[in-house]
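The two complexes that follow have chain A in common; it is paired with chain B in the first and with chain C in the second.
Up next is the complex of A and B:
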């Protein structure tokens, strides 16, 4: 414990809020675990009861709107923070030797974070969640060779129904939180073993100044976490968590939309209809995640400064612009 | 450089999220604004803050759809109450159900304009996506005389509000009934509409036991406080046939406001310049199990129908589901 409390945090990390995104993610996970557990007291994971139980929590149960609202906004906050965390690591070149494994574990945590969002979206069993999941599992079903098996595994059968809801609930409540906790511990252990990447620009000579993790740096991180939590409560009060109409599997006129962080992918798929579908459903995701996984092994130079890495920096700008433009177009 | 990019990226993501999340007023969304009109006259300034939903109605029967009234709908709500305002064009004001005396006998005649709303009390299968057609029990090919309405499930209930120009408007109410899942009287296609519980009051037919004519008339010693053509039960006396000559009319209904759940909707309709303006008012939560309870924030599907001097099946109805949402 002494080693943890006395960990020397480099000054460049202490003064940059972007270096607190990792700990903020852990705080948000705790917030989600707490609010999710509270909701589990009332949630009914069946097609007949799911909607009514969420409706009860949202509109009848005292402070149910607050718990659900914080859970809703914290989910979006987790996606934003995990992307910021990844971007900071990417731009600072902190994926390079000896931190390759730390980076790879982080990519897995990114996948787990968006999986939380994907599985949680269905649980209210409202029109939005039902039809977005219908589309999402169909996309999985379009993967060549294994698509049908993958779709049936996700749905618990050919069609969406009670088996879909119960396994999405189990994954969301049990599998993903367990995996997240174990993998985060590994991520932290690797981070502590290799330390934070040094500053990109060294000023002066001699070793960089450090501050002890406790209490100095912890105070900063606690302050940031408190501001974010207050922000979540304010957001829940100003913009309640949405609840669409009850899912109607017979309504084929409903136009599904995923949650905002999948909008870019939703829009991307519209450019690959029919026979080109596999490009959007398989090739592009493989390329994207493949590029994240292979990054430490492709960019092996010691140089970490972004302005001295034109290829990786340009790739970052290209990805960012593409995601932003596609998200805006997908929301229209 | 990367720090400068974070701000614009976040702004774009938030803009995208807001754009995606804000399903800005679809045509069949009635957005209730906060506010409270001071009266049910319909011309209160509070209504200018309420958005307008325009609903097209049509007959859903027979070989050709007949277009009906286009109704402009608005809603306001406070912490305890909700108001609805409806406005639609009607070339004639019909609020007359009367007995006509020809010098020898009485014949019944006349009809009235009406506006009806249907709400879920319990979830109705397909209602939120198909509207009122989810409760029409017959295929379109059936003759109209066979048509009836029941809720899709045997134990389901729907709340039915009917503002009736002749029978409820003079007493400042809309009639509050509920729809059940079966016809209690198979011979009566309207029997699936059950009156909400009432402690007293409510309108009654003004007719003799043999149905040949009116049983009551306006008390000559009292002015007709409900207006010409309307007879309040409290002002009615046994009819004196000697007082009538050919061409005289007596209202067919004895009017009295309902007390209890059946009378929990206040309503006032005004006919002017070729249109009706009708305002409904009710508590958000009546605590009656035969009523819909409005919960602020919930999206609530509903159906709407207009009767232009008709009753029964010959009404025009909103073909698509309508949704009440709270701003």
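Up next is the complex of A and C:
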């Protein structure tokens, strides 16, 4: 226990909030687990009851607006923080030897985080969630050769229905949280084994100063977590979690849109119609995640300073600009 | 304060920074837990501690009752249960002209055993109610004869509205 709590945190990490993003993600996961479990007290996972039960929680139950609102905003916060965490690791070259496996496990956690968003969106069974999932599962259906089977497996049948809702609920509530907890433990163990990457620029001579993880560094992280939690409560109060009209499969007027962190991909697909569809649905996602996975094995030089790594730094800028531009266009 | 890596801290010496950090950590943690925890507990309790709404349920025409004998009546009505409208059903035993009483009066007893909630059965021959779960016995007025039931069968208020006998549950 002494080793865990008195772990020496390098000063450059202690003084930089970007190094607290990992801990913040774990706090947000706990917040999601708590608010999600509470909503499961009342949630009715059937097309007949789902919408009414969410409406009941949101507008009738005491603090229902808060529990659901915090869950909604924390989901977006998790995506933002996981991207910041990934960017910090990327820019500081902390994916390099000996931390390759830590990076790979982190990529898996990124996939799990966005999967939480995808599966949770459907659960209110409102127009937004229903049609976003209709489109999302159709995207899966456009994968060559296995698309139809993949789509039907996701939906629990050819069409969206009760089996879609129950399996999305099960994945969201059971499989993903279980996988997240196990994989995060592995990520933490690897992080502790290899330690944090040294500072990019060393000032002075001699070993870097450190502070003990508990209580000094943990006090800072607890403070950051408190600020974020207060922010979530304020956000839930000022902008309540949305609940669109009840899902209507016959509606021809509704324009489906995914949640904001999938907008860039949704927009990207408009540029690959017809026979080129597989480029958008398979090739580009594979390239993106493939580049993340292969990064530690392609960029093997010891150099970690971003200004001395023109290729990886340019790739970062290119990815960031593409995602931002596509997101803005997709929201229009 | 920060210290050089490898420089051992003196055993038993707790710096001021350690104390402040410990206090700060626990204040932030308890505050975070309270901000979310208190509303969460209230949310979890929901409406479970609220009073159940009472209803008058129709039993039927008083003329259809056998004088001096209990008639079992299964009542049902639609009710808002949280976010759904559901059919609520239950069992009542009704008798007209109770023993020694004047005609036009009714005795309505809940058919639910006061021990653990099983439905009791009326036996005309034995002139008593018996609970099949733990053999609790009640007399014709609902009073406990023997067995584990702690209280008599709940007596329900009755009224006749437009020729229909109703019981208050």
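Please note the rule applied: the second predicted complex is superposed on the first by the 332 of 332 C-alpha atoms of A that agree within 3 Å, B and C clash if a C-alpha of one lies under 4 Å from a C-alpha of the other, contacts with A are read in each partner's own complex, and residues count from 1 in each chain.
By our rule, a contact is a pair of C-beta atoms (placed from the backbone, for glycine too) under 8 Å apart; a residue touches a chain by one contact, two chains touch by 3 or more.
What you see is a predicted model, and the numbers here were worked out from it, not measured in a lab.
Student: Given the superposition on chain A, are chain B and chain C in a clash or a fit?
Tutor: fit
Student: On the A-aligned overlay, A:320 touches which partner chain: chain B = first, chain C = second, or both, or neither?
Tutor: In the superposition, A:320 touches chain B alone.
Student: Answer with first, second, both or neither: which of chain B and chain C does A:225 touch in the superposed model?
Tutor: Second partner only, chain C.
Student: Based on the superposed arrangement, let me know which partner A:286 touches: chain B (first), chain C (second), both, or neither?
Tutor: neither
Student: Once the structures are superposed on A, label A:181 by its partner contacts, choosing first (chain B), second (chain C), both or neither.
Tutor: In the superposition, A:181 contacts neither chain B nor chain C.
Student: Please indicate which partner A:250 is in contact with in the superposed arrangement: first for chain B, second for chain C, both, or neither.
Tutor: A:250 contacts chain B only, not chain C.
Student: May I ask you to decide whether A:146 touches chain B, chain C, both, or neither, giving the answer as first, second, both or neither?
Tutor: After superposing on A, A:146 lies clear of both chain B and chain C.
Student: Check the residue A:189 against both partner chains and state whether it touches chain B (first), chain C (second), both, or neither.
Tutor: Touch partners of A:189: none, neither chain B nor chain C.
Student: Could you say whether A:56 touches chain B, chain C, both of them, or neither, answering first, second, both or neither?
Tutor: second
Student: Once the shared chain is lined up, is A:242 touching chain B (first), chain C (second), both, or neither of them?
Tutor: Once the two structures are laid over each other on A, A:242 reaches chain B alone.
Student: Note down the smallest distance between any C-alpha of chain B and any C-alpha of chain C in the overlay, whole angstrom.
Tutor: Across the overlay, chain B reaches chain C at a minimum of 10 Å between C-alpha atoms.
Student: With the touch criterion stated at the top, can you tell me which chain A residues are shared between the chain B interface and the chain C interface?
Tutor: Looking at chain A, the two contact sets intersect at 52, 55, 60.
Student: Taking the complex as given, what residues does chain A use to touch chain B?
Tutor: Against chain B, chain A makes touches at 18, 52, 55, 58-60, 65, 76, 80, 84, 87-88, 91, 240, 242-246, 248, 250-251, 253-254, 257, 260, 263, 306-307, 316-317, 320, 324, 327-328, 330-332.
Student: Enumerate the contact residues on chain B facing chain A in the complex.
Tutor: Result: residues 1-3, 5-6, 9-10, 12-13, 15-17, 19-21, 123, 126, 128-129, 295-299, 301, 323 of chain B touch chain A.
Student: Could you list, by residue number, the parts of chain C that touch chain A in their complex?
Tutor: 2-6, 17-18, 20-22, 24-25, 28-29, 31-32, 35-36, 39-40, 42-47, 82-84
Student: Under the definition above, what is the set of chain A residues touching chain C in their complex?
Tutor: For chain A paired with chain C, touching residues are 8, 11, 14, 27, 31, 34-35, 38, 41-42, 44, 49, 52-53, 55-56, 60-64, 66-67, 70, 206-212, 214-216, 218-219, 222-223, 225-226, 229-230, 233.
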